[in-house]
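Each chain gets a letter, A, B, C and D, in the order it is written, and its residues are counted from 1.
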């Protein structure tokens, strides 16, 4: 079985081998993302019934919750890649970490945005200092820090390692931050409402949320692969194969 | 089926601004990201082609 | 081994004394920021004592960050940082002693002056004790976390602003429990849990941050 | 013995040098040559363990320096581009400090003597910021007079020195080699060695084939 041999997987750890491999994967993930999105949107708007308390506004949940999940999940995956890059000193994992960051930051922002739009009709205010929203905001700051540090350092190798270390410091801190914010929130109970407490969730609602999450996830993989291919070309631009490839693709 | 008519669907039970505001902005952001990536790829390719041309003509990059 | 670290500590403290201005900057900044709040919020003692713990802690946070980008930058510029990396001591220990020096110069004075400012903001006696205790436990954590950020932003353009972007989110737990403890004391609830958690943060930071700082320095000097 | 094998240095996204190797025995001096930007300083920093090579390895007494860390640092004296001198400290304090940081503390007597020998007599207790550039450089070089480290790595040690100081430095280098020391240095200046063996290492494109 080719799939289980180590050599089969190792060959893709070099940017040169990974580039065409990623190119083959991108259409598949794009297609999957589209299919999941269509199914997910259908479930969210046409199958899931109207909520008797919140009316139609609760449908925001079908993108808010997946976006929030993605924002955390992407940060975690980014840290795993950054850790691999630091320990094994593999360029490709550093590039993967860098490729995921902008999309992760985008989902974090979207989680905040949709959370605010959901909060207004539900609690009458766009922003509440709820534990989850606050943690999400801090997560956005962590993403900004990561991207800013990477952008500020000229040497790509150093940028990758420095921001990788930062991501790991961040991931160690996230549980502590989350726990602190929870504590802080329970202390100041008066000002808070729990935001993502879903109404007793029907199976269809849960299914819609899962399918939408899958759509976002496939989208993220496709976009990250496109971006990592660009990073490979940029950083290896002195290699002969990159230039040949550029001329061939013209 | 939740909606009697297309207008019903658009109205979202009176929450159109919030629901479509969420979905619309999400779609917009995903779209912007894709467009930016495509643009970046175009400029990158142009730069690589320029580099390749310089190399072929034995320019300053050829020694490295 | 202690010999080397003692020398390093002596050096950093001597340098700080000979550059007096820097020691006083953090302190004055702390005093001024806290004094601005009554001017902005109004002189009612009730309001002031309510926001007092938060104000004091946020000001302490910003003040200790003020000199953070100088933690390694001077040594980096004149080449002594390379010598420190090549010293016969484990680098995390070197980082730890530099952090200790930084805290003695920019964190400890804040702890000493904080009761005076606390009184100005109408905190009672018990809250003042808790304020000093939490600052004593919390400000070293700030310096320790800051060391990692300072190491990462070494020699980077716009390093100072970038540093605050990196480090401030990581300061949040300390802020929450530091200000929370004083707040709890003020409203008559016990602050024990807060204080012991801050202690736990300090232990954790002492265990991890020197290694993080050392790794950051190695990356930045590579 | 200091050995290097197959060293590759990457800076940014370009390769500065590749496949650099040498072997340095006791009593030998390695003169690293190359045009500006050919990676001389990077090579020296690599030999110190400050920069990780992209490929290849460096061995000191037969073992990779990555594995020795602090033990290696103790046997190493590195004087870089920047002198590593604190402007606010006096020459005396600077010298004692830099020795102490390497676990090779010296007493006042030794420090005074070394500073006198290197031509800083009478300026020992002035803050270093009032010293001229050449004098600051000498404070750094005074470490060589009191150093017990066998391996010296010196980046442009002759810069900013006057003729007399250069002659003195040459003598110090020779004496170190005679005692079985190892030296790696870069310089654009010509210098003569009274003792020891001189080896050359060219980095980057060799002078004949053009830039």
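Some points to look at:
Everything that follows uses one rule, which is that contacts are C-beta pairs under 8 Å (C-beta built on N, C-alpha and C of every residue); 3 or more make two chains touch, one makes a residue touch a chain.
Quick caveat, the model's predicted, so the values are computed rather than measured.
Summarising the inter-chain layout, the chain whose CA centre lies farthest from the centre of subunit A is D.
Interface comparison, A-C against A-B: more C-beta pairs in contact at A-B.
Centroids built from CA atoms put subunit C at 43 Å from subunit B.
Mean C-alpha positions place subunit A and subunit C at a centre distance of 32 Å. Mean C-alpha positions place subunit B and subunit D at a centre distance of 53 Å. Taking the mean of the C-alpha atoms as each chain's centre, subunit A and subunit B sit 16 Å apart.
In subunit B, the residues touching two or more other chains are 64. Within subunit A, the positions touching two or more other chains are listed as 157, 237-238.
Shown for subunit C are the residues that touch two or more other chains, namely 222.
Those residues of subunit A that touch subunit C in the complex are listed here as 138, 141-142, 144-145, 148-149, 152-153, 157-158, 161-162, 165-166, 169-170, 172-173, 176-177, 179-181, 183-184, 187. Considering their complex, residues 1-3, 9, 12-15, 17-19, 21-23, 25-26, 29-30, 33-34, 37, 40-41, 44-45, 47-49, 51-52, 55, 61, 64 of subunit B touch subunit A. Interface residues of subunit D, counted against subunit C in their complex, comprise 45, 48-52, 69-70, 73-74, 76, 78, 80-89, 93, 97-98, 100-103, 105. For subunit D in complex with subunit A, the touching residues are 10-15. Subunit C makes touch with subunit A in their complex at residues 148, 152-153, 156-159, 162, 165-166, 168-170, 172-173, 176-177, 180, 183-184, 201, 208, 212, 215-216, 219-220, 222.
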